[in-house]
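Here you go, one structure.
By written order: A, B and C. Residues from 1 in each chain.
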Amino acid sequence: MAKAKTNTEDYLRMYRQMVRIRTFEDNANQLYLSAKMPGLTHMYSGEEAVAVGICEALTDDDRITSTHRGHGHCVAKGAEFREMFCELLGKEEGYCRGKGGSMHIADQSHGNLGANAIVGGSMGIATGSALRAKLQGKDDVTVCFFGDGATAQGLWYEVMNMAALWNLPVIYACENNGYSEYTKTEEIAAGSIMARAEAFGIESHQVDGQDVMAVNDLTRKLVDRARKGEGPFFMELMTYRYHGHHVGDINREYYRSKDEEKDWKENKDPIIRFRAWLVSEGIATEEEIEAMNAEIEKDATEAVAYAEKAPYPPANEVDMHVYAD
Amino acid sequence: MREITLSQAVNEALAEEMRRDETVFILGEDVAEAGTPFKVLSGLVEEFGTDRVLDTPISEPGFVGIAVGAAMTGARPVVDLMFGDFIYLVMDQLCNQAAKQHYMSGGKLTVPMVLRTNLGATRRSAAQHSQSLQALVAHIPGLKVALPSSAYEAKGLMKTAIRDNNPVVIFEDKLMYQDKAPVPEEEYLIPFGVANVKREGRDITLIATSSMVQVAEKAAAMLEKEGIDAEVIDPRTIVPLDEATLLDSVKKTSRAIVIDEGHQSYGVTAEIAARLNEKAFYHLDAPVLRMGAMDVPVPFSPALEDLTVPTPEAVVENARKLCAGELIHAA
Amino acid sequence: MPHDETSGFRPHDVTMPQLGMAQDAGKIVSWLKSPGDAVSRGDALFEVETDKAVMEVESPADGFLTGVSYGEGEDVPVGQVIARISDSAEDDGAPAPEPAATGKASDALPEGHTVTMPQLGMAQDTGLLVNWLKAPGDEVAADDILFEVETDKSTMEVEAGRKGFLAATLAEAGEEVPVGDPVAIISDARPEAPVARSAKDGGAPPAPAAPVPAGKDTTEAPAKPAAAAPAPKAPSARGGRILASPKARRLALEQGLDLNRLAEAGHPQPFHVADLEVLRTMPSPAPASAPSETPRRLTATCAVDGLSAFVPWAAETQGLAPDAILAGLAGASLGADGSVTVVVERLGLTRSFSVPPGRSLSAVAETDDAPALIVRDLRGTPISTVALGSEQTPVLTVTDAAAGLVITLECAASALDATAAIRLLTEFAGRMEQPLRHLL
C-alpha cells in the first residue's frame, strides 16, 4: 500500500537520521579529543530521537532555533556532513564560512536559525520568527529547542507570555536530559516544568524523548494545529545525554553514577530501540541496517577527511560581514 | 518650508515606511492606542492596525528578542524602547544576538531591525530615566547608531534606518519632541556616515551630537560676539562616523571641542577626540577637549541636575581658553 | 710721530694668523722684510712655523713695514699684532690703538705685576691713599710696605707682595682709589722709565665696566623677574624641553624658524602658532662665524722655478712629459694613500692624470676620472697673482714671480682643512723649487 510504503521511507529516514547524528557526534568527539577541533563542543549523543522525531515533522520552510548542543538539530533539519565538519573546524566551506563554529552553526537553507551559545538566547528569536509568520500570514511553524537548564532564564517567561497572548505558531520543546550542566534538574527547577508553560495557558505535553515514533507523532499533531493558529505549544521531552556537558569537561562520576548511564545506554537507547522495531516490523533487515550504518560511517569518515584538508577562510574575511549591505 | 515637531517627524517617517514596505511593523510598550507616553506614534495604529503596531507587555528583553527573530526571518521590526536607560535590559538580545548574527552566520542571516529609544537629562526624571547611553552600543561591532539633532534629521535618519539591513539604534532627544524645525514635504533620506556642517568657521571646531548641537550653536553665536569664529558640526551618526568631514574641519581651525550628553569618561567624545588626535595631530594648535555630562548619576533636584550637562556658557569658556592658548590642564 | 687719525690712512695691523684648529700660538721663523721696507699687498712678510709646516704671512696692504714687535724665534699668540703697514717708513711702530682702550697713552705703562687697592672693610668701596713709602724705581722686597691707606677705622699698611722694582705708581698721596683699582706696578727688572701717575689720569686701563669689585657685598637685591603677562603658570622648558603645540612645531620646522630662540628669549610656553609671529620679528642672530666656511687661499713662493730645469732632463732621461711631471709632483704633495687624479691646465689645454702612490713619476698615466686636484700652470703668462675663488676641487695655480714662482692654493674650506692645505702647498712648493727632493 502506498501509505505504508511512504511510511517505510519515513521510518527508514528517521532511523538513518538518528544514526547520522550518532555517527557525526562520535566523529566530532574524536576530532575534539584528538585536538583537531578548536573551541568547545557539546555532544548530543543519546538525544537523537528528540531532534529527529521533531524535525521529521517539519518542512524546510519551518524554522528551528537550536542550542549550544546543536549538532543533532542541525543534522536532523537536513544539514550535510561535509559543511558541518568544515564549520566545526573553522573552514571556509563551513555553513557559516568558519565564523560561527560549533556553538553558532546555522543552516538557513533548511530553516535552521542557528545554535546559540547563550542559554535560552534563541527563545526570543524563535518567538519572533513565529510572530513574523503570523504577521505575514504564512503558515510555517517555528520550533524552539532548549534544555531543562534554560527554564531558569527569564527570557523564556517573557516570550511565552507574548506567544500565548498573540497565539503564535511556536512550539517550545524542552529537552529535559536530567542535568543542567553538572546539576540535577530537580535541584535547579522548582515545581514542575510543564506547569510553567501551562501557567501561561499554553497546552503542554510530556513525552518519552527516547521513543522517536512517539516524539514524531506528537510533533505532527502539534505542528498541524499550530499552522492553523492554535499555538503556541509546549513539549517536555524526557531524554538523556551520554556525554558530559561539553567534551572534555569534568569527570561525570562527580554528578551521576555509571550505573545510571549504563541503564540509559543499554535499556533506553533510541537507536537500538528503533532498530529493533524496524526489524520486528519487517521494515528492514539487520543486514540492511548494518549496510546503512556502514554507509553512514563511510560518509562521515570521508567528510571528516575532506574537512581536515579544506582551506581556512582567507585573512581578509576577518572584517567581512560585520554589516550587511 | 513647513515646520513640524520632532515627534511629528518621526511619526511621518514611520508611517511613510510602513506604507512603502508591508514587512515594517512596530512593537513596544504602549505603542498602539497610547502612541507611547511621548505621543510620538499617535495615529499609526489607526492606519496600520494592531497587527503592525503591537503593544507588548513590559518585557524588554522579550520583545527585543522577538524583534531579532522576526528580523532574521523576513520582517523589518521597529522596536520602541521607552527610555534609553532600559537598554541595559536588552543588551544580550541586542549585542549578543542582533549585532552578531550576520557575522556568525558568515553573512547568511541578517537582522534588519531598528531600536528606537531616547536620551537626555534635565527633565527631572532622575538617574534611571535620564541617561544618554549611545557610547555603550556604539562600542559593539555590528550595530549602527544614529543621533538626530532636530526634526529634520529625525525623519531622514529614521527612514534610512528602516531601510538599512543592519540593526540600528536611534536615540531621540526626549527634551526635543515638541521642538519644531523645517522639514520638507517631499521624501528625503539622510544617509548614514555623513556629517552636517551647520555653521562654518575658522577659529575652532565644535563637534556636537543630538541634544548638544543646539548647545554648540548657541555657544557659536556667543563666541561670534567675542570675535571667535566657531565651526559647528553634527556627525548625525556615530556608527558609521564621518571622520573625513571632522578632520577637514580641524585641519582648517586647528582646535576642537567634542560635546555629547553621555558621561565625560569613556564615551563618544573620547572616541572622536582620539581619532582627531591620531589623524590631525600635526594640525592641532590646542588639545582636543571633551565635554560630556558629569560622571555622576543624574540627580533629581533641579538645582543639581542642570549642573551636570554641558551648557553654551561652558563651551564658550573652553573655546575662549583654547583660542587664547591658555593651558586648561597641566603641561 | 703719532698717527693722525684724521689723515684718512689707517695703518694695517699685521697679526699672527689662525694657523690650525688647535694652535693658539705660532713661532716666527724668519722675517722676510725689514722694518721700514716698502711692501706691496700680498708680499710675504715673515714665515711662521706651525706644528706641521712653515707658512708665509703676507702683507695686507701697500705701505711700509713698521712697528715690528716680535723677532725671529719668538712665539706669538694667534691674533696678536706683530707689526704694522704704515704710510711712511718712520712710524714709531707703536701698535695701532686698541679700539676699546680709554685713557690716553695707556700702553706706555711698564710691564709688571699690578698691585690693587685692597678690600678694606665690609662696606668700604674706596680707600684714601695716605702716602707712599717707596718711590718709583725703588727695589722692593715682598714684605716691604709700599703705601698706607686710610680706612674708616684706622690706617692700613699695604705690602708690595712680590720682589722686584716699583716700576709705576698709579695714584698720588691723598687720592681716593676704588677698591680693586690698580695702584702700583712691580716689575721684575729694573725699569728704565719708572712712571708716576695720579689716579685721575686714568691709571692703567680701567677694569672693564660692570663687574662689581671682587669681594664687595652687593647690597642690592636682584631685580624681580618681570611677571609673565598672562597668568598661565607655564613652566619654562624642563630640562631643555620646549613645550609647543604640534602645529606650531610643524610650521616652525617648515618655515625654518627656531623655537629655541623663543625659549631663550624667555617667551612664555607652551608655544602656539601665534607665537611664531614673535619669532619671525625677532632680529636674526648674527650668523656664527664659521671660519671653516671661508674659502681658503694660501700662497707660497719658490725662489727658483726648479721644475723648468728639471723637465728637459726628465724628458731626455726618462721620457716624461712636462704635464705628467707636474701632475705627479702635485699628486704626491697631497699625501694620499691611494691614487690621485690630477688635472693639469696649461696653455688652454686640459689633461687628466692618475698619480699612483709612491714617487715614481713614470707611473703617472692619463685617465678620465674626476680630479681630486687641479694644477693651473700660468708660467710664461703675464699673470702674477691670482685670487680666483675656490672651486669644487682644490686648485694650485703656478705663476711667475720676479724671481722664481708664486704658487697659489685655493679651495673650499670643506675640501681641505687648514692643515691639509698648508701641507699640500708646502710640499708642492718645495717640489717645484727642488724637484729632485721629490725623487728622494
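Of note:
Going forward, contacts are C-beta pairs under 8 Å (C-beta built on N, C-alpha and C of every residue); 3 or more make two chains touch, one makes a residue touch a chain.
Just so we're clear, the structure is a prediction, and the values are computed from it rather than from any experiment.
Centrality annotation: B (chain centre taken as mean Cα position, compared with the mean over all protein Cα atoms). The greatest centre-to-centre distance from subunit B, using averaged C-alpha positions, is reached by C.
Mean C-alpha position of subunit A lies 41 Å from that of subunit B. Subunit A and subunit C have Cα centroids lying 100 Å from one another. Separation between the centroids of subunit B and subunit C, computed from CA atoms only, is 76 Å. Remark: subunit C residues 230, 232-235, 243, 245-250, 269-270, 272-275 touch subunit B in the complex. By the touch criterion given at the top, residues 63, 65, 94-100, 104, 106, 108, 113-114, 116, 118, 121-133, 135-136, 142, 154-155, 158-159, 161-162, 165-166, 320-325 of subunit A touch subunit B in their complex. The touching residues of subunit B, when paired with subunit C in their complex, are 254, 281-286, 324-327, 331. Contacts from subunit B toward subunit A in the complex involve residues 23, 25, 51-52, 54, 56-57, 59, 61-75, 77, 92-93, 96-97, 101-110, 112, 141-142, 144, 165-166.
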